[in-house]
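One structure is given below, represented as structure tokens, and several questions about it will come after.
Per-chain residue numbering starts at 1, and chain names A, B, C, D, E and F are given in the order in which the chains are listed.
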């Protein structure tokens, strides 16, 4: 059960409402997902995180689908249930196929395994990998 | 300092040497990086992990550079020094620019932040995100 | 679902009952929360952890509310659902306001982000920060 | 070894220089610590993170020293060497005594222990802790 | 809710069915647990992971119960709910008593605590511990 | 570099000295390893943790070597460099062979991989695994 109450758009202060409107407009949807409705318990965080997400997830040198898959990789590694669901849905909406999702998890799983093998043996970094 | 001694190619058993040769041939290089030389203390792991890396990192539905960036994302989240260095080098070798690396870390950082905001409030998964 | 059965006060051995009584007396309540009822499956752990919690969480150089907020920070970072709920409740009982909780999570989120930016670039520690 | 080169103030672009100047002015110092000089490899991240740190770490409902100690708690849990050093130094500069540091780590250690005991048994959250 | 649909044995492709049959034969059971039915959404991962589990968990220098307990230790540390349940059940099936489970969690909890005390102080490794 | 100064036995207060003496007597050695010399900056933690280690790591339902290997599994998963070194050395002193260490890491690596595959798909726990 969540630790704070969600702020529904109808009950939002003008400050919170402005963020919700920007979320819906940017994403071209008419609803706001729970993540934002719960962050609204602390408006400065709602605003700061929305600005960060908008800036970081915008198309740039990496395409938006690649960014979503990187988000999923981190969320799976940290076991954030909400984030796994929301960013997997976002990645699927941006074109991730079943096959791509299968490969994404295969890399995430293997990376978690070899991370521990490298750390467990305290393998020294090869000179050639140092920039 | 590492916990086991690396097995240099010159000292490798035929079993280990076979893996080293496949690594060099697959990667079209004439050297073997430390990760493998330290895994060689336990040949079944060396062999199993090399087969897994070869299969998982091969081109498929995801392109190899995307896979390397997902690997970096996991390694940064787990703080595996060796893995951060080796997979960042591999990603650069496959075409990751400074700009792409900057955006990759921005996504990784932000995902680690929002993962905690979602977990800290125990935000419930929206129905629409459930497949 | 839990992996062991909780030990209700009525069914507790004298050894377990002694710890339960101390918990209720120390906290001035007439009930024992689940954490302890499940640890009772292994009495030495029940006893050791209760003694540790009593000693570590007692007022000292840090005030008890600050200690609870540090506990929440760790529990959110580790995603321990039980601990997030119980220590957030304890912090609220000791005076944490909505505003303070909002700022607490903001720091936890940001720290998790910058931790990855520092690790991802392997930023060297400045000389001046070394004691 | 770091993965990118630090940008020294003398070599900074006007955009980066503006952030450096704000860091020095805000903190009333005449130097910039490594964290920022390495983030400067990607100016949008440098700028975004500095704005976030300035906003989140400013005095508010929690006092700045408490915020630094929460930052240390997260950094220790994640094992971010740079962050442990820099935020412990910042906490000391804001008044953290040896005794307070000792108690801070005691809480962090214990929370990490009980987090695993709660997760290991999958202890259900008590009704009374649910808001 | 899971992110993909499980593949029931009756609906399995011959490729997936072969792995299921090997799982049931190796474990001398007539059912397949969810972990495998969900991995079947990506047959190469199903096959690779089953081969890895079969090889790594087979009797060797460590006895199978010790391996299961090490698996539980990692799963508790990572808070993988499924893995905690399945590997605790497997360890019980191989002879883990209540007392052994209690001690297992006591070590896992304590190790997570002292890990943070060592990292929090950045304790240098003693020369004598370096091989 | 460590964040506090170690307390050498010659400089120890009687309170700290008593713990050091008990460590040396219990372990039948004539030296104290760094972990304890750095904890001595906060004597209540030194004393509490030593009592916990003595109780938890004593022979019981699990043999001491199995406990050390569980300790290593957690330390590798958390990437605690000090703890990996010290508990691997302790496990070797109690009889862990190269082969056993190889298998230990193989299980730790694989568990970290499958933990993410289970979490990534949010695989539901089978009814039969619920006690």
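Odds and ends about this structure:
Here is the rule we use: a contact is a pair of C-beta atoms (placed from the backbone, for glycine too) under 8 Å apart; a residue touches a chain by one contact, two chains touch by 3 or more.
This one's a predicted model, so the numbers in the text were calculated from it and none came from an experiment.
Note on connectivity: the fewest steps through touching chains from subunit D to subunit F is 1.
Both copies, subunit A and subunit F, contribute mostly matching positions to the interface they share, with over half of the numbers common to the two.
Relative to subunit C, the chain whose mean Cα position lies farthest away is B. The rotation that brings the Cα trace of subunit C onto that of subunit E spans 120°, given to the nearest 5.
Mean C-alpha positions place subunit A and subunit E at a centre distance of 27 Å. Inter-chain spacing, taken between the CA centroids of subunit E and subunit F, is 21 Å. In subunit A, the residues that reach two or more other chains under the touch definition are 1-4, 41, 44-45, 48-49, 52, 56, 77-81, 84-85, 88, 99, 102-103, 105-106, 108-110, 112-117, 119-122, 125, 130-131.
Across the complex, subunit C is touched by residues 1-5, 44, 48, 52, 55-56, 125, 130-131 of subunit F. Only residues 79, 84-85, 88, 98-99, 101-103, 105-106, 109 of subunit A touch subunit E when the two sit together in their complex.
Taken together, the subunit E residues at the contact with subunit A in this complex read 3-4, 41-42, 44-45, 48-49, 78-80.
Of all the residues in subunit B, the ones that touch subunit C in their complex are 72, 76-77, 79, 81, 84-85, 105, 108-110, 112-117, 119-122.
Residues 1-4, 33-35, 38-39, 41, 45, 49, 52-53, 56-57, 60-62, 66-67, 69-71, 73-75, 77-78, 80-83, 85-89, 97, 99-100, 102-104, 106-108, 110-126, 128-131 of subunit D touch subunit C in their complex.
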